[in-house]
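Here's the structure we're looking at; comments come further down.
To keep things simple, chains are lettered A, B, C, D, E, F, G and H as they appear, and every chain counts its residues starting from 1.
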Amino acid sequence: MTATFLILAAITIAGTVAAMAMRNLVHCVLALTLGFAGLAALYLQLGAQFVGLTQVLVYVGAVAILAVFVIMMTQKPAQTTESIFSSFWLTGSLIAALVFAVLGWAIYSSRLTSAIVSPHVEAAVRPIGDALMHRFVLPLEIMGLLLTAALIGAVVVAIQEKRGSA
Amino acid sequence: MDEQLKTELRKQGIVATTLQELYNWGRKNSLWPLNFGLACCAIEMIAASMARYDMARFGAEVFRPSPRQADLMIVAGTVTKKMAPQVVRLYNQMAEPKYVISMGACAISGGPFKQGYNVLKGIDRYIPVDVYIPGCPPRPEALIDALMALQKLIDHQPLTGADRPRHLRADAPSEFIVPGFGAHDLEPSQNPEVWNAPLVNISLAGTDDAGKH
Amino acid sequence: MFGEGILKGLAETARNFLGSYVSKKRLTTVQYPEERLPQIEAYRNFPFLVYDGEDWQQGLRCVSCFICEKECPPKCIFIEKSTDKKPDAVGKPQFYPTVFNIDVSVCMSCQICVEVCPFDAIKMDTDFELSTDNRFSGLLWDKKHLAKSNEHYHKIHPTEAAVVDAQLAAERAKVAAKAKAAAEAKPAAAPATPPPVPAATEK
Amino acid sequence: MTNSPYFPVLVLLAAGVGFAIAPLALAWIWAWKFSPRKPGPSKNAIYECGLESAGDAWIQFHPGYYLYAIIFLVFDVEAVFLLPFAVAFTGLTFAAGMAMLVFLLLLVEGLVWAYQKQVLVWS
Amino acid sequence: MIAATEPIRILPKSRADGGEGQFLEVSMGPQHPSTHGVFRMDVVLDGERIVKLKPVFGYLHRNHEKIAEHETYLGSMPYTDRLDYFCSLTNNWAYALAVEKLAGIQVPERAEYIRIITAELTRFQNHAALIGFLTQDMGASGTPLMYAFRERETILDLFESLTGARMMCNYMRFGGCRVDLPAGWLDHAKKFVATLPRFLDEFERLLASNEILMARTQGVGVLSKELAVNAGVTGPVLRASGVNYDVRKVDKYGIYDRFAFKIPMGEHGDTYDRYMVRLLEMRESLNILNQALKDIPEGPIVDPKTRIRGFKPKPGEAYGRIEAPKGELGFYLVSDGTSNPYRYRVRPPSLMNLTVLEQLCIGRNVADVVVILGSIDIVMGEVDR
Amino acid sequence: MHSAIQQADQIFVALQHRVAGYLPVKFQSIADVILSVIAIVLVFAFLFAVTTVLERKGLGRIQNRYGPNRVGPAGFFQPLADGVKSLTKEDLVPRAADQAVHFMAPVLLVIAAFLAYAVLPVGRNMVLADLNAGVLFFFAVGTLVELAVFMAGWSSRNKYSLLGAMRAIAQMISYEVPLVLASIVVIMAAGSLSTVSIVNMQTGYSGIWPHWFVLTPWGFAGFNLFMIAATAESNRSPFDLPEGESEIIAGYYIEYSGFKFALFFLGEYLGMFATSGLAITLFLGGWAAPFSFLTWIPSYLWFFAKLLLMIAIFIWIRGTLPRLRMDQLMNFAWQFMLPMTLINVFAAGVWHFMPGGVIRWLVCAVLLIVPAVLLSRGLKQGKKFEARTYRFAE
Amino acid sequence: MTLENIKSEVEAKVPGCALEIVANPSPSGQHSLRIDPAHAVAIAAFMRDAEHLRFDYCSNVTGIDWPGKEISEKVKVKKLVDGVEQEVEEVRKSQTVGHLEVVYHLYSMEKKHGPVILRMRTEDRAEKVHLPSLTSVWQSADFQEREIFDLYGVVFDGHPDLRRILMWDGFKDHPMRKDYVEPDDYEYEPTAHDEVLERARQHRTVMGAQ
Amino acid sequence: MSSLTSYLLVSALIFSIGLAGALTRRSAILVLIGIELMLNAANLNFIAFWRYGPNPQALTGVMFAIFSIGIAAAEAAVGLGIVLAVYRHSKTTELDQMNSMKG
């Protein structure tokens, strides 16, 4: 457990907490990008360069933008003063705390965690490509199918009024 | 006063002077005008930035459309009463330091149109003007001349002291009241904070000008 | 349709870019304060009062007839007439302006004052470097500021000034002849003859 | 830590932050020392061509942008899968190339569908 | 005191169904880089699409007409310069024409020639500058505008050496012109006019076949023939819509019937047509200029009967109009027999052409609006007077 | 290679090691890094200053005028004056604005712009971080720009800036995919995401001709597509819609004044340099000399010469072309750029699986030209943009 | 196609309308046709649509203000003076009712003839200032009628969007009327003329009182 | 505490934060973001297990993470699209109100 890790973890958690707790939705998304970036840095630290950069590319570059768009398209003209949390926030946070307690307990008590640290490894891109084209060819095609389905589905869901206006 | 303190002071003085020179040099060579034309004079203003006169030589061709990024407001043309609040607001929204060149007769005094009911008799009723260029419209060279006059003006502005320019003083205002539209005229019809012209020489009217006509 | 138009445009700008290093036609900038275009003779900016001879007060051609003041479209001229008379350019005793103000912050350089002046007393100057930081002291020109010599007039508008001078000389000769004739007839009446000013009667 | 390949990036990041912040700090010092900031109600109002800005800019926006964002997202992910393939490409067999082609075609199919639905025509 | 400029509420804040996103109400202008002066459009946007557009003007209302009622007939002449400040000479002409009609004054032949020469030069520089501004509005960083102004400066030099001023010429008088052509002016003008076709070629190469320009202008802002006529649109904008109406041909004012020239006509009525019609009109102007510069006779330049001062036309009224570069410029004068006009009215082409702006812009993009506005060619001095 | 040439080539690297060598061994690697970072920051900031004045002078020359020539020798101190002015200018933040986000936007933009230089090899052995996934790093960092622009436009709470921000995001996301896809052809050929190895792939020569990727059909097409996308990504004319002056005044940075505004300018130009640099790295052989007999000129000079050339082209285009409209821009991205880049990937694949020779060239060229023609037809959507003939009335 | 022809034709086609030819004594010879507001739209539509007239283009729309004049006439009145009825000459002053006039200049783009000038009058200048709008016939009248409304105060019934066009919305006066009083904003005039000077003096007294 | 443990703890924390957000926030958008966070937490687990697992050369964890990112992206697209669609229907993104406006 190094200083780098601590800093990155702190940034990540701060980002995610802020993302979940801030009032202004755009601020939430901006905080979220910080969290995503922190996670990406953690991946990089773990030697998964490709995944880390992909995380930035997809989450910061695309998902956050998507969320921002949706916020822009659904925002209210006036800021509401009422609570940003739902009526059962207490139950919700209790459940979350419980989950964390269970998970933490599990992690802490698990024997897996005492596994030996392997030497420095790095997930180079080329083996990833090889693996993708051989071992994971079927998931890849399924992924393609899924993405196409998501594309069509999301567009169909969002398109409705477009036809109406055109 | 011992020797050491003296040299120290001198050093600081030099620093202050070079700082002032650098500051004035930077300001005067980077006068970005607000992209804003009102009437006829605006065409000569455009002509001044075109190939033949090329205001760009002075680094002043960066016409910024947003007042936030502009340093110089060239009031080029007739300011009507309907437009005056907007002009004042644009001036207000510029960031300090900001300068105003009142270009042409109309902007200075209403010019040929000052007899009109909708024409403001000089933009200096609402905002402070640094340089006036007479002419209807002034030649592009005259605008460049005014720009150089403004540069000279900036060059002589001290950074500290009592006679430092307005934008360096904390107590001097940086924005001025935006006139509102009244039922017959702008309200107020001038801003006494800025407009300190001599009142009309009533004695003139009082004199017996029977011999006049 | 696949970018030829764009390429043509690019070629045109490239030609101008490169041409600017070799051809004056492609680099039309006149670097103003140092370089100047040749003064165009007809150019006018603001009026001035012509005076003949050395003394600007004596030689002023203006007889304060108020025509220019009346005809000035933006009403930027203000004249006050003298109570006494003094000889004018032609030699006739005339009124002269005690106050002659032009507010150049109002003047629209329309030249109508010059056109209507029957005395060739007011002409258009060509100076345009008039930037000032005070509109009251800088742009309200009095008689002293406005008075410029006939030589100055010759310098800025040579052709026009020559014509004016010839006219004036002819008129002067005519008046002199008339005066001579009058002097021979009744020596005392001649100086009081009013000048042929059509507008003066209208006033 | 300094052996990490990301250390230079980190230093560059710091330099970038410094490069952005330093002049702002300098400007702030200048403003504090010499040229006081003078905010005002009209000065710090929103600029709108010289008029008083009426109504909020933060309004509910036209949803046309969203469709582009979706397609962008999908193709972004596609590019993520394409990159490792491209890196490994020189060592790959024809069959692998075909597999990728199938993957691509699947996505292109979505694109073609979007064409036909006129989604990709900016309104 | 009334609260300062509230933009006119044109529409409710969001549409009834509420699903498509709210409308954004924006005022473009009065200070906007491409509203050609102090023009304002209150625009309601749906995304980037224009849902509603209301032109708002009066920001340059300088009371020209009211002032003219207090001025002598001659005194209004310099004020006409400042109407459409690009084309002071055609404004002069239109006003002179109206007064000549009112008072029944004849113009000597040489003066008519000078008028045509100056008017066509004015038309040329106006169109050149307009095309420059139009491309500027399209986002070309000033290059075509600079080229246009390069030629314009030379034309202004010609004006200056003739009239004494670059822009505000105040040159024409009732019954003729103020001064005769200075020595060497004609040769100079001939030489210069001979270089202008080369400039037009350059201009065309630079832009006319540019794909981006075509994409930005073709099919944008289509003005139908019927609407154009009904809305009183005149000038190149009208002719781009395919209506053959040019006051130079219809009224044959001045001596335009002596010159052979053609009227370019558009078919689609879109922005590209308006752009091209102007380019072609510039060529026709050169045509007229060449003929006029060749044929100009010697003679007086002003009707000797006209007086500069004390000009008092008989009671009555007259409407005189010419084909100004922007369209039909008319002056309507009512005389009550005094030296000041009782009523002085300018029929500005820019204002009339603006009538159709709203119809042209609805449903288009923000980017189209500035292009359409640019192609209509307005000058606020004329719109607001 | 002669040692003198080699020395000249490696002079900065050697200098760096020499300076670092004065320090204890423990700090040497850190010093190395810090020195290169300083060099990068200073060089590119300087390049920014020079480019602004070159752009203004170049535009001036295109437009028959001088451009800035009074401040300092030949006007080259102009950016300095602008800098001093910007530094001392009042910093205005609208009252209604989101202050924190408003502040962070330009900072983030500059950071993102600088980060991209980490993986750009500006000369032989002159790269800050030779990352395994260098190209991917570049694109990942590039996404931060979108975020910064959105933050600027949104936080200003100005209608025009918001329009500008929405335009900017829509434009950037639309051209990001083509940008990535256009570079994939190079990655396929190079078999690596590392910028250094991509350049190394291109340093060889056949006769005097270099092995640049741009000299293949797919490389040429890829280069053009990449440059178009890069122009759009860096908001340069004719794709400068987000700040389209004539339409939305100043776009997303309309409310920025003082040095924050200067930072936007800086970020934008740095972004332009970075994408140009990547284009050079991917397609134009990076720091490699264009002909084998010119290899004696130091590698970094070649890189910057190419960079300046790219900048000149950017300026040239800016001086000539009008701006596209939003719908045309978007349609161009999705209906032309995206399919073309995909086809280009396919063409590169075909190239790989075909034996060398003229036939390969032909097949590849046909594979690219035919869809290009068809797609540009489709772009017009039935509308025919063409020069028209006009009738004249007598 | 003389004005008389048009007049008789219109009178035949639009029943009940009153037309009057207004002669123009000036050399321009542009005589005009005064129409009654009640039938204005019908007349205009006829002028536009009639096959041989086709005045499809309304070039110019203008307002003119004709304020009421004071007419003094001498009248002989019988009066009881000192109980005796005498005939006394008396000056009787009467005020004519002023009116606002709107002038339309029509041309035909199709037939290329014109102009034909139409005029309409309001009943007075204060209350009965309503006239029908011809915007429905010629769209070109839109802005110009708004302008007349703004500057003269003629209210055009049936105009689609009758708002002030040149002055701001809160403005109260109609500045082109002959009796418009200009706002007092003459604090300073470097070259004062009599009238201006007088205003400035008044202003000074007003301002000085504060 | 070993490295793996700490990564897993961070992951668990992020998961819980995401869960808490998803359960407590009223805005549907933030609920979706919470779910995204939970997915991300899983990704961190994949990477950490790959890194500290017995056979890092197999890249299984990395591949899992990549596919997971792809799926998460697809989920975000569809999820946010649904939010948009629901918003169009009920003019709100707040879950409470969505419930109350059922039908």
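Everything below uses one rule, namely that contacts are C-beta pairs under 8 Å (C-beta built on N, C-alpha and C of every residue); 3 or more make two chains touch, one makes a residue touch a chain.
All of these numbers come straight from a predicted model, not from anything done at the bench.
Participant: For chain B and chain F, which third chains touch each of them?
Facilitator: Of all the chains present, those in contact with both chain B and chain F are C, D, E.
Participant: Moving only to chains each one touches, count the minimum steps from chain D until you reach chain G.
Facilitator: Steps on the shortest route: 2.
Participant: Of the pairs B-C and D-E, which shows more C-beta pairs in contact?
Facilitator: B-C
Participant: So what's the Cα centroid distance for chain G and chain H, whole Å?
Facilitator: About 75 Å separates the centre of chain G from that of chain H.
Participant: Could you grab the centroid distance between chain A and chain F? Build each centroid from C-alpha atoms only and quote it in angstrom.
Facilitator: It comes to 29 Å between the two C-alpha centres.
Participant: Rounded to a whole Å, what is the gap between the Cα centroids of chain E and chain F?
Facilitator: Centre-to-centre distance between chain E and chain F: 43 Å.
Participant: Find every residue in chain F that makes contact with two or more other chains and list them.
Facilitator: Residues 62-66, 86-92, 131-132, 136-137, 154, 159-160, 162, 166, 169, 173, 176, 191-193, 245, 249, 254-255, 258, 319-321, 326-327, 385-386 of chain F each touch two or more of the other chains.
Participant: Using the touch definition from the top, which residues of chain D touch two or more other chains?
Facilitator: In chain D, 6, 34-35, 38, 41, 43, 45, 47-52, 56-66, 69-74, 76-77, 79-81, 83, 86-89, 91, 104, 123 touch at least two other chains.
Participant: Please list all residues of chain B that touch 2 or more other chains.
Facilitator: Residues 35, 50-52, 54, 57, 65-66, 68, 82, 86, 90, 93, 96-97, 109, 112-113, 115, 117-118, 136, 139, 167, 174, 178, 181-183, 197-198 of chain B each touch two or more of the other chains.
Participant: For chain D, which residues count as touching chain F in their complex?
Facilitator: Result: residues 2-3, 5-9, 11-13, 15-17, 19-21, 23-24, 26-28, 30-31, 34-35, 37-39, 41, 43-49, 53, 56-58, 61, 65, 68-69, 71-72, 75-76, 79, 82-83, 86-91, 94, 97, 101, 104, 108, 111, 115, 120-123 of chain D touch chain F.
Participant: For chain F, which residues are in contact with chain B within the complex?
Facilitator: Residues of chain F touching chain B: 56, 60, 63-71, 75, 77-78, 80-92, 245, 249-250, 254-258, 261.
Participant: Could you list, by residue number, the parts of chain B that touch chain E in their complex?
Facilitator: Of all residues in chain B, those touching chain E are 34-40, 42-44, 46-47, 50-52, 63, 65, 77-78, 80, 82-83, 85-86, 90, 106, 112-113, 115-119, 136-137, 139, 178, 180-183, 187.
Participant: Once bound in the complex, which stretches of chain C touch chain F?
Facilitator: Contact set of chain C toward chain F: 1-2, 6, 9-10, 12-14, 16-17, 20-21, 26-29, 31.
Participant: Using the touch definition up top, name the residues of chain D that touch chain A in the complex.
Facilitator: Per the stated touch rule, the residues are 1, 4, 6, 56, 58-67, 69-74, 76-81, 83-89, 91-92, 96, 99-100, 102-104, 106-107, 109-110, 113-114, 117-119, 123.
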